[in-house]
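Next come two complexes built around subunit A: one with subunit B, the other with subunit C.
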Partner chain A sequence: MSLVPEIDYGTPASRSEKMVTLTIDGREITVPEGTSIMRASMEAGIQVPKLCATDMVDAFGSCRLCLIEIEGRNGTPASCTTPVAPGIKVHTQTSRLKDIRKGVMELYISDHPLDCLTCAANGDCELQDMAGAVGLRDVRYGYEGDNHVRARNNGEINAKWMPKDESNPYFTYDPSKCIVCSRCVRACEEVQGTFALTIEGRGFGSRVSPGMHEDFVSSECVSCGACVQACPTATLTEKSVIEIGQPEHSAVTTCAYCGVGCSFKAEMRGEELVRMVPWKDGQANRGHSCVKGRFAYGYSAHKDRILNPMIREKVSDPWREVTWEEAYAHVASEFRRIQYQYGRESIGGITSSRCTNEETFLVQKLIRAGFGNNNVDTCARVCHSPTGYGLGQAFGTSAGTQDFDSVEHTDVVIVIGANPTDGHPVFGSRLKKRLRQGAKLIVIDPRRTDLVKSPHIEAAFHLPLKPGTNVAVMTALAHVIVTEGLANEAFIRQRCDWSEFEDWAAFVAEEQHSPEAIETFTGVPAHLVRGAARLFATRGNGAIYYGLGVTEHSQGSTTVMAIANLAMVTGNIGRPGVGVNPLRGQNNVQGSCDMGSFPHELPGYRHVADDATREIFEKMWGVTLSNEPGLRIPNMLDAAVDGSFKGIYIQGEDILQSDPDTKHVAAGLAAMECVVVQDLFLNETANYAHVFLPGSTFLEKDGTFTNAERRINRVRRVMTPKNGYADWEVTQKLAQAMGLAWNYSHPSEIMDEIAATTPSFALVSYDYLEKMGSVQWPCNEKSPKGSPIMHIDGFVRGKGKFIRTEYVATDERTGPRFPLLLTTGRILSQYNVGAQTRRTENVVWHAEDRLEVHPHDAELRGIRDGDWVRLASRSGDTTLRALITDRVAPGVVYTTFHHPTTQANVITTDFSDWATNCPEYKVTAVQISPSNGPSGWQVEYDEQARQSRRIAGKLEAAE
Partner chain B sequence: MNVHVAGGDVEKRTLAIVGELKALEGPLLPILHEIQAEFGFVPQESLPVLARELNLSRAEVHGVVTFYHDYRDHPTGRHVLKLCRAEACQSMGGDRLAERVKALLGIDFHQTTLDGAVTLEPIFCLGLCACAPAAMFDGELHGRLDDASVRELVAEARR
Partner chain C sequence: MSHDGTQQKLVRMANQIATFFHSQPEAERVQGVATHINKFWESRMRRQFFEMIEDGGEGFDPLVLEAAAHIRKPAPPTPPPAGA
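Moving on, here comes the complex of A and B:
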């Protein structure tokens, strides 16, 4: 094993198709026009010394080390900023160049500490490497003069010296080691797009400064790690590297946070994870990362992790640790007893969007083949089920149409109900890069997100609609396009059903769908809607990106269809730069849906009533499968309260915290006789569990995740599971205990079974993924290399389907008792219910959930910034602290849901999407009032949670 | 030293200046000049306001302001005397002249006399090498300085 090699070419690749041939050090090389001489040299295998150049950022030409000579040209130009030209003869090593380089290095080293042996970058320092490369043997200038290295010069305080900044929990900034190459500043600007760093001062006084000479944590820094990666010295270094030392081997794996699915190198020393470094060849992230994937992996070794299986008779008892065998036997006998007593349909399970495809496949297989019913559902129920339904109806497939690279070709973007800079940060950075290149942006969101306005980014239009009125606004956009003759008729005639289009066009053209008519209840000025529609229809390649602000509504599916309509009517489907792009929430939510996690669908989105499909699985599994769709999560809970549903196997999902109407979920779980929870931690759902099976992290198992662009990425095991078994092994053992003859020895065998049964995965295998890096399904005979872009020559369903999208106001309305609308969202540093990120240093940025209130609403109620407020809806009430801001419109309040004590879902109601039951998280009528502490429910809940986490013979598990 | 002007006031006056000059191409430098003219220096509190209004990051504004010596983070005396310290002036007795001025004023470079009358600053090349040694007094150039003319300058500054 060794470190995964990565070559730094010094400058980014050129996209030109015109090729240029030149000679470097006697070797002929042909490269695309616009390539730097530095990059061309590297491609020819010649490494020109360099310090300020790296291929993640544009050339800068400041370090004066990469100089070269070109025959017939004067001087010694920098190879990073000099492009190739046909026929030139370049020399990278001459006596003149050697002298200059040595002289430059002497200057660098004369102001640099000579503590290489004890330096954290020892072994991974480009300055050290370059000193070696240029043959530096002596520094004629000495080290005594003006410097940034020592706190005191001859006893006197050295004003140029700055202390180490250790404010960021994950990396340190040591100005004394800085060579002011600006790589960090440029990475922050070009790659991340935050512009949090600058060079302050000038000349010898120049220093890197976060914000206005602030420390990193108080600056605008979002801790994405791009600067740390760019730094050629120990100036910016991961604290983990300082503590552990340099890694000795690494493996490429996939981040287990959001649906972007970034590829990382897990850099290891033995079985200890030293650091996660984004992989340059990762096709989703292209070498970028965010604070979560890059740094927030500490939860995997957190003391709260449960490592032994546990059982208890009643949820009021303390937990009792048992052997794995006891646990499997107990679950098997309980499930069989319940089925015997209450019928075959009385148990079910929930697959996890955080686990691998293989694990998800096994859980649904256990339920269908072992439990003998279709009572399987997944957390996509509460997030993107409307996407599956809506896009399935319109296009014939339940997934996004593009890859993330597509954003580099887009000219105008609609972002609706999504906050990519917080929720999908790496995609957010890629989008911002494109916007800085001139693409236009339309944001449709009740809240002024960072995309609306942040350094160098400004939306052309922000439509601050009232929560719950998505359909009206989307239909109004279509109204403008149709009535102003902006529809792409050629595309529609060729690709869509014309008569359906005519029907739809007549519908949207009705006066009641005009921007003017909807202004009163959407709150969006009509001229903004008109402007946005014209811009989207006429600007060029138009792409629509959306998130849960679209789906988690009573009309979630309708909005998805409206988005599909808008893409079709403008002809924005089937090529790079366009498309409909759902931003998936979880690492493998796409995969869990693909793997047949829905009660009505077998893997590959084939209905359980379809005999041919069932037959494939029946033959393979040797059982008879039920052709009746099973229960969805809310139905399971309803049935539990009614007494007909008694047992559940929940893998890696915290339904108590993440599903709507917490009290109802709690009542459902409490009514069951055997609740089995498989998770890393005693999560909130586990408070109602009878059996706890310890889970394993993504670092501890092999498998695949499928990201939002349908990309199947490998997850590679880099350490032994702390709990002993990967999750797929636990499910297999459980199935064996229930009498199923499973015998997988590696997840690759499970993938082979998926490929054999599911046409869209037909060619996928671990060997193939090894060869390709990753593939986007469908990956079969027809498209063996996978499908980055779908519906290129025609829709999967044949003709694209225009569907009428009538706006129906949600039943959740404001009134005198509950005059405000609550909507929810995420923040960059925390992830969903926070089970992982709360157990990392990320709490530095977000230690509690706050309620954003507009100053006007706050003043009316006498609420000041930081005050405790009671937040009440028809369902319940909770308390949290207020944050007064004009990011939200008057009449709207907003909170995140990362902390269990917040109990935001005590507030949300049980209204849901008409088609898929996806809960209406994004709209709840509420009232707020000053308060002086936690609500009764919060106190009661905390006590219950504390009681239920007791483990016999152990000190109380601390949350 | 960092002198604070009442916070709300800085924001209001900064906003007024931004409003006037924002439409210019590359408006940051002209705005900073105007701010310095308005306050006598560039108050720290104005930087986040500029960042917000021009859609820049705080870091970027800080980088620009600290790059230019002429943007000050604190007020000066009523007059500013800048002595050229570049090569031509040094070769024409600039060093000796600088010592003379320091002695007359009783202050070093970057300092202000206790009565608040004058701030002494070094400057690197006024472009007046042919008339070295040179100085700039309240924006006005003075060349071929000698003991007598310097004494006169100082006397005027002290007034």
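Moving on, here comes the complex of A and C:
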């Protein structure tokens, strides 16, 4: 094993198709026009010395180390800033260059500590490498003069010296080691787009400064790690490297946080993870990362992890640790007993959108083939199920239409109901990069997200609509496009059903759908809707990105259809830079849907009533499959309360915290006789579990995740599972205990079964992924290299379908008792229910959920910033602290849901999307009032949770 | 929540589906509601649905009542799997 090699070409690749041939050190090389001489040299295998250049950022030309000579030209230009030209002859090593370089290095080293042996970057320091490369043997100036290295000079205080900044939990900033190459500053600007870093002072006094000479954690820094990655010295260094030392081997794997699915190198020393570094060749992230994937992996070794299976008779009993065999036997006999007593349909399961495709496939297989019913669902129910339904209706497949690279070709972007700089940070950075290049942005969101206005980014239009009115606004945009003659008729005639279009066009053209008519209830000024529609229809390549602010509504599916309509009417489908792009939440929510986690669909989105599909699986599995759709999660809970659903196997999902109307979820779980939870931690759902099966992390298993762009990425095991088994092994043992003859020895065999049964995965195998890096499904005979862009020559369903989208107000309305609307969202540093991120240092940034309240609403109620407030809806009430801000409009309050003590879902209601039962998280009528502390429910809940986490023989329960 | 609560929910869900199809072209409405329920409602939900329809169908949108004729009657509950 060794470190995964990565070549730094010094400057980014040129996109030109015109090729240029030149000679470097006697070698002829042909490269695209616009390539730097530095990059061309590296491609020819010649490494020009460099310090301030790295290929993640544009050339800067400050270090004066990469100089070269060109025959017939004067001087010694920098190779990083000098582009190639046809026929030139370049020399990278001449006596003149050697002298200059040595002189430059001598100056650098004269103001640098000489503690290489005890320095954290020892073995991974470009300054050290360059000193060696130029043959530096002596520093004639000595080390005594003006410097940034020592706190005191000859007993006097050295004002230029600055202490190490250790405020960030994950990396340190040591100004004494800084060579002011600006790589970190440029990475922050160009890659991350936060502009948190700058160079303060001038000349010899120059230093890197977070914000206005602040420490890192108090500055705007979002801790994405790009600066640390860019730093050529030990100035910015991971604390883990300082503590452990340099890694000795690495493996490429996929982040287990959000749906962007970034590729990382897990850098290891033995079985100890030293650091996670974004992989440059990762096709989703292109070498970038966010604070979660880069740094927040500490949960995997957290003391709260449960490593032994546990059982208990009643949920009020303490847990009892048992052997794996005992746990499997217990679950099998309980599930069979329940089915014997209450019928075959009385049990079911939930697959995990956190686990691998292979693991998800096995759980649904266990349910369909072993339980003999289709009662299987997944957390996509509560996030993107409306995407599946809406896009399926309009285009014929639920798939997002683009890859992430597509954004580089976009001219105008609509972001609706998504907050990518917090929720999908690496995509957010890629989007911001495109916006800085001149693309236009339209934000449709009740809240003023960071995209609306932040350094060097400003939305052309922000439509701050009232929560719940998405359909009205989207239909009004279509109204403007149709009535002002901006529709792309050529595209529609060629690609869509013309009579359906005519019907739809007549519908949206009705006066009641005009921006002026909807202004009163959406709260969006009509001229903004008109302006946004004109911009989107006329600016060029138009792309729509959306998130859960679209789907988690009673009209979620209708909004998805409206988005599809808008993309079709403007002809924005089937090429780079356009499309309908659902930003998916969980790392593998796309995959869990693909793998047949829905109660009505077998793998590959084929309905259970389809005989031909069932036959494929029946043959392979040797069982008869039910042709009836099964229960969805909310239906399971209803049936449990009714007494007809008694047992559930939940892999890696915390429905008690994440699903709406907590009290109803709790009642459903409490009514069951055998709740089996498989997870890393005793999560909230486990409070109601009878069996706990310890889970494993993504670092501990092989498999694949499929990200929001349908990209199938490998997950590679870099350490032994702390609990002993990967999750797929646990499911297999459970299936065996229930009498199924499964015998997988490696997840690759499960993928082979998926490929054999699912046409869109036909060519996928671990060998193929090894060769290709990753592929986007469909990947089959027709598209052997996968499908970055969908619907290129025609829609999957044939002709694109325009569907009428009538706005219907949700039943959840404000009134005298509950006059405000609550909507929810995410924050950068925490992830979903927080089970992982709360167990990392990320709590530094977000230790509690706060309620954002507009100053006007706060003043009316006598609430000040930081006060405890009681938040009540018709479902329940909770308390949390207020944050007064005009990011939210008057009448709207907002909170995150990362902490279980907040109990945000006690407030949310059981209303749901009409088509899919996706809960309406994003709209709840509430009232707020000053409060002294936790609500009765919170106190009761805490006590119940504490009691239910007791483990016999252990003093203190986990968490 | 009681059995009544679940019934109320089924009425609401069915009516929500009907509300969507009300705005669709007339020819697609009845079949749209029926197909949706056939595709996504588990058998015990449809069983409860038909019980309520037989009890007079109170609270249901007229479009749901019309669609009921096209909704698949669920088979009686299946016995436990062999060997249990």
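Side notes on the structure shown:
Note that in this section the second predicted complex is superposed on the first by the 958 of 959 C-alpha atoms of A that agree within 3 Å, B and C clash if a C-alpha of one lies under 4 Å from a C-alpha of the other, contacts with A are read in each partner's own complex, and residues count from 1 in each chain.
Everything below uses one rule, namely that a residue touches a chain if its C-beta (ideal position, glycine included) is under 8 Å from a C-beta of that chain, and two chains touch if they have at least 3 such contacts.
Fair warning: this is a prediction, and the values are worked out from it, not measured in the lab.
Of the two partner chains, neither subunit B nor subunit C is touched by A:792. Of the two partner chains placed by superposition, only subunit C is touched by A:641; subunit B is not.
Taking subunit A as the reference, the larger set of touched residues comes from C, when subunit B and subunit C are compared.
Contacts of A:631 after superposition: subunit C is touched, whereas subunit B is not reached.
Of the two partner chains placed by the overlay, only subunit B lies in contact with A:220; subunit C stays clear of it. Residue contacts after overlaying the shared chain place A:739 against subunit C, while subunit B stays out of touching range. Shared-chain residue A:211: touches subunit B; no touch with subunit C. Of the two partner chains placed by the overlay, only subunit C lies in contact with A:664; subunit B stays clear of it.
Within the complex, the subunit A residues that touch subunit C are 336, 339-340, 343-345, 371-375, 503, 507, 554, 557-558, 599-600, 607, 609, 626, 628-632, 635, 638-639, 641-642, 644, 664, 667, 739, 803-806, 808, 811, 910, 912, 914-917. Residue ranges on subunit C touching subunit A, taken from their complex, read 1-3, 5-6, 9, 12-13, 16-17, 19-20, 22-25, 36, 38-45, 74-75, 77-81, 83-84.
Chain contact summary for the complex, subunit A toward subunit B: residues 194-202, 209-213, 219-220, 453-458.
Interface residues of subunit B facing subunit A in the complex, by the touch rule stated above, are 44, 47-48, 51, 55-63, 66-67, 69.
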